[in-house]
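By letter and in written order, the chains are A, B, C, D, E and F; residue numbering begins at 1 in each of them.
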């Protein structure tokens, strides 16, 4: 499987390198990645504003990719940035990591919790979960109050806070699994899981392996749920790959 | 009330004129409008792709407006384009017409239906209704299969199709009210209602009057549900009003 | 708009005067009120028993009003006393303030709480919210344990208790807005809102402005949800306006 | 068990006699009935208006009965007239037949339907089912369009219509049991069941036997869900048994 | 009514005797019991593993009973062991005590809690409640951490723990009634109820009286929800009563 | 990954061979299967009775496998036979194909349907979907009325019926994907999908690839949702692998 990984944030060499390193642990004989960040957009996704501002450039990458070069696309952000729209543009699988983790967690237990970076994201993720139909089994969403861009430099503090909030999800909110609510939290799930008594889901490897599963079984989004956009005039400056302009 | 009406589509004189005409019927002693279309974006909103592509320019208008010039903002499209994000940027009311109509319909009866323009929009509106928590009482969503840009020229055909689909919503799906699922359908609700036995909701006047109600009672969005985006680097070319760039 | 305001409690000059005073703040060029209390019934509504006992006299007022004298009717009690039945009797809008506040709150955030006067009302309001289809997003209902008839004399204590319970709704129950769960709590919402970080909804002005919105858009209840009662023998002594007796 | 059966309609000898005859089939060694109709109120319950107008006199009977003379009270109407309020007044079981049938049907299968007399009652029963939390498993509500007062004289037509509508509930709406949605339909369930392939629930015997079950197990309503009304001034002319006036 | 009571656990004289004693309190002129334990299976049901391992022998008893000797069957365990399958085999009522208590509690208030023996059973009962469609109104499930086989010897400790957990259900989880979540807890409900302010449901007498109610009204499971298993080869050693082997 | 595939039906050489053939298409460099049928139990699973009768022998295979020989277990039947109980016995992933397909389908669209073999299975699968929390998005379940054991000999008829019922799910029930509701329907999904406009999910390859995804990411069931059964006396004749007998 050749996977296009879109980091829906401003290009940053350190961030790309960190993601490449983590993804390299996942490589297999038939698995290769291509990683792309945005030339425009926000430095991180911590609001619906960020989500909306990143979307055209994410979709630009999706449109440029519609040439058979990839088997699946993974937009690496728990805001599932523009993934529904992306599915209207391509018939290869587009992996939305929040949705994927909610689906996977629902097979591991009955009630899952999410721990994310900032409390700003709590209502955002809650609304997405509701949109996906997973509201009923979502025990709660908690946050560690560390911004995305500080995760890398505060790794010990991040892990401690994740453990602390995960325990609240399990004990107070009765979650039986915990989803890490930011793809920037990659590489710490095992460490967190050692301290709580339930599965801890790391969205990055889960999304990659879920993509493999879909590709291996020949599945992709329903064209009835995500029909191709009608052709018409669209004036989209800077969106280079735009093949549907008219 | 001074209301900023954003048409989240490419500027088109005829469309603006038509909207101005309809809005003028709503004017009152203390009600004035300012109408703005987009210089970039799609000509109409008929997919999540269109929604995402229009969003930055809609938000650009919202950001430019945050100077006390307006009492409320109405994004005139049933896709509720970027309205959640807009609420993160301003503390004046931002009217999302689909959400508004779902709320109003829920006070008129028990089960409402929606009739929109194209079947492409059916899953889009369904997911929004689910996000808003109105899935339970939504009887069904049907479409007339006439694109937004042809509504003006096919008015008779539009009305006939709306009547026909509304009747199906009432009789087969057991709806007790019908929401017109596109703000481009403005000005025909009364005519449709004459032929079906239930209230027919025209989103444009309802949104304007709902905005008046919020302004008059001093209400606006919850800052807990729509917290201001954290400050950080955002590279957003062409977004002229961007005050939160860094 | 000429609005009939029914206070569904025993006539009490002080109470009527207090309501007139508050309503006078809402007056506009085209807005006038007529206020009516009951000659029979309970002194306040704090149970389903009170609700049922007040209902015939509320409906009597509704029936007397069905002569074109009014544009809308507002039954000023969060128990929504007899409002469904009233909608069967008239085709002008009948405003049920609990239902109205639930609908309005659902456009301001994702999860709302209610703070009412006595714990007796908690299950009553909970069942109404469930009937209206708003159970899913209702974070919780709390009470200040001050009876309706003591609100006027304990204003400081009332405000303090409302602030205290509202904070619990926001912090423990994760509400993002708070509805004042008794129309007798009128005139204190702003003061409460100054102390909590979310919108606080005062049902009286919201109901009046919601009525204006419905009247301005020509909307009223669905005749499919609230069909007129079949004609037949009804023996209703003391119900003076009864035009449907046979 | 001594059961007070309240027919929440105007006293009518023929109707009382018919009910006595049906109830007599249910008598057992320890089972006795006392039947009471109303001196005021509507001749039948076919709307929320009827429900509200009958309520004070139903509650009057409940209040008069609070002397230990009865073990349980059954308000014989599928509108569950004033049963919640009655539970606030007494701590013996008050049987609400719609609620009871929904609970019993939920133990016989997964999805139940209701067939009632007039389409006016469809939204009324639907809202009650939603209030009770049974909305999810309610397949549908249909009507035979024969008024309550004509049931007795059109027995053959009633049975045929019940069979026809029940079949629609089973085949089109996927119900696996059918509830007769009017206590006036008593005595025909077996005949209907012979023609459809699912259990048909007759609310009268089910309510009586459910009352026996509660009495035998010492159960009654939760005082937390139905707290006694606070004492205060209530002016209720003609409500003779009123012990809570002040 | 002749009731077959199946204790879905290994035969144990003391346990049978204890159940016979409790059931004898319920006897009436037309009520008789036959009590059967299993010759194979687990000593108690405290997991889905136990449930599955007991099931064939429970169903064996059901099959042996299908000769008109009984009017109803009660499988006395809150895991509702094999009750759905049993309903496929017989058309007399099969009482599932958890389902029965959920249905009965739903008529006593709005939100019920369950207190069971071990925390192992919490997710098991939660999943059953969800299967039955009662998830929405289930406030919570708590446990006393005393195994089934120690209940008899720790009666005082059991009652104290039930009181303590019931209070948490009422106060923290807002339950308005409490269901004892193990049929081994029989005979203590009244004592627990004396200490909490809500109805406490003892599943054994409730199940027996519910069976009487169904038998008296001629009701049993829907054949549409529980169709008879198709005939075919089944190799079931030790299942003596197997009449459907081929 | 070494996968234990349990066919929860009586050993049948032809059936095993057919499954081996289909599974062989899925093999990869690191993927191997071991296939086991039951020496006792039903020849196919078409009822809850079959499910319960097969369960002990399925669990016997699970217990025998708890020695590190396998990475995951797949119980190949859409009844998800004893999978919850199996998860209590082992901490390697146990794949329940119905649950897995519901989770996967929820990432492909908004509303999924199921087409199974016999109408007997419709309520069974419906209850499982409800237990898993997927009731809300399940459009409908339909059946082709061909028994499991006749699928192999009626392949053309099977495909035609699957296409026909799938079209009803899509058009009448508004499903946007279709799940084949019997693992015996393996190998025909692509052919069905050619005739309907939505993804058709074949549970066998999806379950195998889902197992790979879980194994690759180190995930398994939550011990909080599926705690190990307490040790105690269990008399389970013929259950050879029973290590938890006392």
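The working rule: contacts are C-beta pairs under 8 Å (C-beta built on N, C-alpha and C of every residue); 3 or more make two chains touch, one makes a residue touch a chain.
Worth saying up front: this structure is predicted, and the values here are computed from it rather than measured.
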Touching subunit D and also subunit F, the following chains: B, E
Chain whose mean Cα position lies farthest from subunit B: E
Distance from subunit B to subunit A - Cα centre to Cα centre, in angstrom: 28
Subunit A-subunit C separation of Cα centroids, rounded to whole Å: 44
Intercentroid distance (Cα basis), subunit F paired with subunit C, Å: 53
Touching two or more other chains - residue numbers and ranges from subunit B: 109-110, 123, 127, 130, 133, 136, 176, 224-226
Chains grouped in pairs wherever the two touch, ordered by label: A-B, A-C, A-E, A-F, B-C, B-D, B-F, C-D, C-E, D-E, D-F, E-F
Subunit F residues touching subunit E - in the complex, by the definition given at the top: 10, 39-44, 46-53, 55-56, 59, 82, 84-85, 88-89, 118-120, 123, 127-128, 130-131, 133, 147, 149, 224-230, 232-239
Subunit A-facing residues of subunit F, complex: 26, 29, 96, 99-100, 103-104, 106-111, 132-134, 136-137, 170, 176-177, 190, 197-199, 201-202, 205-206, 209-210, 212-214, 216-226
Subunit B contact footprint on subunit F (complex, rising order): 109-110, 136, 176
Contacting residues of subunit B [partner subunit F, same complex]: 123, 126-127, 130, 135
